[in-house]
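You will see two complexes here that share chain A, one where it goes with chain B and one where it goes with chain C.
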Partner chain A sequence: MATQTFAKGTHPSADDPHVLVEDDYAFYEPIPPYPPRTEREAEFYTLGDGEMFLNMGPQHPSTHGVLRVVLKLDGERVVDIDPVLGYLHRGVEKLVENADYHQTISQVDPLEYISSLFCEWAPVTAYEKLLDVEVPRRAEYIRVLSGELNRISSHALFMGWFALDLGGLTPILWSFIERDEIVEMLAALTGQRMLFNYFRIGGVNGDLNHEFLSRLGDWMSRAVGQVEANTKLLNENEIFVRRASGLGVVDQETAIRLCMTGANLRATGIPFDLRRTHPYSIYPELEFDIPTRSEGDSLARYLLRMEEVKQSLRIIDQCLDKMPDGPIMAKLPRLLRPRPGRAWAAVEGPRGVYGAYAISDGTDQPFRLKIHDPSFIHLQAVGALLPGNLLADTMAIMASLDPVMGGVDK
Partner chain B sequence: MTALARTWDHLTLPGKALFILIPLLALLTTGLIVVIALFGKQILDILIFNLPIVRFVFAATVLLLLAPPIAFVIIYMEMKIIALMNLRIGPDRVGPWGTLLSTIHGLKVLMKEDFTPTRADPVVFTWAPVVVFATMALSVLVIPFAPGLFAQDFNLALLYFFAIGGLTVVGLLMGGWASFNKYSLLGGLRSAAQIVSYEIPLTLSVVGLVILAGTMSLNHIVQQQGVYVDATGSHGSGWFLDWYVFRQPLAFLIFAIAATAEANRTPFDLTEADSEIVAGFATEYSGMRFGFFFFAEYIGVFIISALTTVLFLGGWNAPFPFPRISWLVDPGSLGIGLLFVVALVPLLGTLLLAAPFYLFRSQTRWWVALIIGFVLFNVVAAGLFGLWAYINFDWVAGLFWFLGKTFTLVFVFVWMRGTLPRVRIDQLMGFAWKWLLPASLLNLFVTALGVLVADALRGGPA
Partner chain C sequence: MDRGLARRLEARFEGALHGQARQRHDQTEIRIGAGDVIEVLRALNDEPELAFTMLVDLAGVDTGAEMQVVYHLWSATTSDWLRVIVEGLSRDDPRIASVTFLWPGAEWMERETYDMFGITFEGNRDLRRIYMPPDYTSFPLRKDFYLPDDAARSPGAGVRHVERTHSPVDAAPGVMRRTGA
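== the complex of A and B ==
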């Protein structure tokens, strides 16, 4: 439908006496400048008694990127929300269709700039399925090793963000120390701090090097203590625990209906982790637990992620122990032309299941690459979680779901 | 004329300022000298006749002028201490250890654009920061800094303090309402709800103390926590056990918590919760109007700490009885050796302190050693002078202890900001009405009962 612009104060919803106070006040309300396109929109943009709109974002200090949420408030209590997405839309899925298979890796990389390796991992695995390539074992070990490091750095950032949205200043700076060390060692391995562009179809780009290993060994010797110190700052804080517990509770049924995955799902008590339920790479050979909690609230999601950090440390230890010798790339031609067909691959990232559905038409460019991003799925939950909560908790609930807007808007 | 214009163009900004200021100052000084020469006697007579008023105006001016520097010090403290707690370095560029950064910030907000948003109410919008700053600064007037060092001492000082402190909320509401921004409005309403709720336990918690003290004059309350003499004889041991914090521990706890909320500090800084409502009532403010809000917040921290010190931590009293050397030695008898002191001691002291650096370290040049000796001598001299002033002047000792205690409390405020997350608005309200208010009533009841029982045991009211 074509966008139809209206003169000031002539929007249909402006007939509502609660919205249009006088002359151009409605101009300052976050009402879309076109007539309501759906019944839901018409209903949302009509104010009840004592309600008001509050436009949050896309420049709000804590919407984690450029999310915009129009809140309908009754006092400080949220009645209804209308998320407005697309401020970070770059058309990655379309760009990928015009790049050859190797080039797509750098296109999907910045989708989720906090845990880029998992964004690469899923499409790369899908291409490998299309091509029937056997990935060398050393490459798989390196993938798991770097992936788990990335998972820890992502969770460290989550912890800082979550505390910051609840008003704590210090945790984000403490957790950034940890994150910075990991990011630096990944830079030594891959050449980049955040957008790694490291995984290749059939292997990885570079072998383990001395700087990476020395940094890793150095950090591993104090990682457990560092993680403990960071979490102690919050776990034993009465105000934090009281704020976070019972906040944004998701029960098992809702979580499954909303297609939640990752820590958000496991916090409700369902032990679903792709690394165990649909094993890929070398995860079947490694020993680690899938922590779950039963509460399903923000505190459970936070504690679960901190528990996952410890499991990731275990995995890294085992990877270093068992690291085999050998090539890091499968033998492949320069120009890839997979057989026509379709492949689905998914990996368990720090936020949930990262999936890629690749369709090949036999040329050197993918016909279609559908990216399944957990942030987008989890952001849908805010519609169910936010109404009824106070304004102060909207950001905390959103933070506890841990969405990244790059992945949501693609 | 062109030469003058060219000179003017080539001057730097401070140069231009001095170019204007020096003739102006010369003119003013000359005028002042003339006026004093002609009417000096009459002016002096008028001043002496109105001594209490003159004293009040002088003290009030000094205290109001002191407000921005106090805010600067606390802002710097906060930046540096939170930086250290965050494992950062913090300010370290402007001045030694970055100490001048907050001053530079103060100058910066003066130079910034003073912006009023469309549809804002310009009059209310302009006056809101003034109201907030003025109320905060006015509260300083009744705080006794040291014996004899206060602007005004009257019998309702405590009531005055709470009354004026409660006016802050008017300014915050004005700012929140006039900004034409919903975040500001929410911040203003939150501050109104918060300050009104916490005013009640804050005031009730000190009623027990007022019963014990029998006065609301802050000066008398401080005196009662040290050694003092009245009609019934000499009281107090001089030790810190006389402080009201040991007689009213529950009241101290309630007061400290409610005061944190009153000063809008973490964990009760809901009015400017940056992760929720951007910057609360200050969202639309810029330039010096924002600066007023900012200063007011830190002066608020100072006065709340100062009041806690005065009421519960003994104010200017030292925590232990200190033998007065001035009672043993007459300072006047030291005047004999004054010439000797002025002429020889700096020279000898510098040489003495420089000698080890020159003699025992072969790499040090003689002039470097002399400079080191001179600096060291100044440090030692300043220390000795401070000690001498501490011993001889009550107000120096009083100021030392008062500021020491107050800034310790300020540090605690900053510490809490670095450590604690923010509470939610319903938790905040619930805490005030369900816990603090009953606790302060209980404290009042127990105190009143205790006073009654003690009087009955002594046989009739004192």
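== the complex of A and C ==
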């Protein structure tokens, strides 16, 4: 597209307030206006016979955030993609180096805004390892309880999103009923619907209260039936099943080499779930299964997440049953100064492994905090799964891997 | 803590390790030099008694004196996380071999580390900035990159920047200096 560009203020209608002037940077040309920096970039931005570029985003509604993807197309087949990140980059890793240990919890919270509790869980656990703190058992139970609720609400949103990206509007309306109920009860517990800021170093911020427990009890009495009803909407839909099966297939070896984790890895048949393979918190005391599937396609990833919802309900049941009495916070000074050292902690979130690598230099601020987010890895995998598929499958494959741009862009 | 793992690693990589393997909580840590990255990681991945096939994280670290690249690996053969710290990269021109030949999924992690620290991963096919815009020239997570409003470190100096009437006199043009430090 050839657009005539004007320097700022030189457009003929620049002085006329009734004329809307679009600045030249409002157009997203697929080809970057600078020479290629790497061989891969040069190769991507060279068109072969019959190929064309298509720019998608960054405001595309089904990119799950602000993502821009440059697609190289041959007819309607995708040849290659080049995701352009950074539209949501907030520099959290730099900000936490300038905040004290307690403040960092609220800084890392908005990274993954769909399942914030897991974003808090990993760094908090890493800090506890730095400080050699033992977390009270009641706090661990509350963490697992709220975390599994968060997992269900995240998977509910995934179900809606995935169907929406395949062209079905109804499921997201239904799944939001359950998600809304869960975020409301988490709001009763933590004070916030989305960015909970609930976990603390050495425990949690508040004890279970009446409103949370009554809402939870009410919901749990009908949750299994509701989940069944919601999943039936899609699982028995022939259009959905035939569209999603065989789409974006990944095998075991490729999945490991692409560093994939979570449900996307388990959909290939590898039972890798940190709750069992590297147990943390109180998960060794709880009974639940790690469902796996062998197909490795989009449908398998969807069905697996729905299975996980049922396992999470089992875990919540047991947490409520076994919930011990006692304190919810370990005794710690207000100002934390861990002795110099390094700690890594990882938890199993709804999208995969959330990790945090914390380095202390003996002051009250972390020297370095590296956040590992599974969405980042899974978005990268889209580039490996997509070539050869149709343009319309781009979003379907991306949605089945379930990346969230807040986590991708840190 | 898996004592056997530390012994196995020390016996296997005797020449490459800097010091002994350290262990704390559920982590085992080994330190190597930049020249041994390919050899050590390939052995960790390939040999069945180690089988660290999963690269879970790759992080850059600027200690202020040198650059480091840190790998976190997982294996079914041990109950520990393995942390491989590659130390001693120069801050002026940090260079290290890429591990994308083992894990293509490390490509973006290396791009991120390059973007934030300026560490060059030799062998990465696509080493360009990933978060920051292409015309950006700094490496934000380096320790000599200060935030313009460094409020947490200097209470009072950075918080009410609206009320400050002048910029720090010693700030060179275009250089953002930490105020009040």
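FYI, the second predicted complex is superposed on the first by the 381 of 410 C-alpha atoms of A that agree within 3 Å, B and C clash if a C-alpha of one lies under 4 Å from a C-alpha of the other, contacts with A are read in each partner's own complex, and residues count from 1 in each chain.
Basically, a residue touches a chain if its C-beta (ideal position, glycine included) is under 8 Å from a C-beta of that chain, and two chains touch if they have at least 3 such contacts.
Not measured: the values here are computed from a predicted model.
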Specify the outcome, clash or fit, for chain B and chain C once both structures are aligned onto chain A. fit
By the touch definition at the top of the document, which applies to A:Ile239: first (chain B), second (chain C), both, or neither? first
Should A:Asn209 be classified as contacting the first partner (chain B), the second (chain C), both, or neither? neither
Pick one for A:Gly168: touches chain B only (first), chain C only (second), both, or neither. first
Max touched-residue count on chain A (chain B vs chain C) belongs to chain C
Regarding the shared-chain residue A:Arg342, is it in contact with chain B (first), chain C (second), both, or neither? second
Does the superposition put A:Ser294 against chain B (first), chain C (second), both, or neither? neither
In the superposition described above, what is the shortest C-alpha distance between chain B and chain C in Å? Please give a whole number. 25
Could you tell me which stretches of chain A are touched by chain B in one complex and by chain C in the other? none
Residues of chain B that touch chain A when the two form their complex: 82, 85-88, 119, 180, 182-183, 186, 190, 266-267, 269-270, 273-278, 417-427
Of chain A, residues touching chain C in the complex: 32, 34, 37-41, 85-86, 89, 91, 93-95, 97-100, 103, 129, 256-261, 272, 277-278, 341-344, 346, 353, 355, 357, 359, 365, 368, 370, 372, 376-377, 380-381, 384, 409-410
Can you tell me which positions in chain C touch chain A when the two form their complex? 24-27, 29, 53-57, 59, 61-62, 70, 72, 74, 76, 79, 81, 83, 102-109, 112, 116, 125-128, 130-135, 140-141, 145, 147, 150-153
List of chain A residues in touch with chain B within their complex: 25, 28, 52-55, 60-62, 76, 163-170, 173-174, 177, 233-234, 237, 239-240, 242-243, 390-395
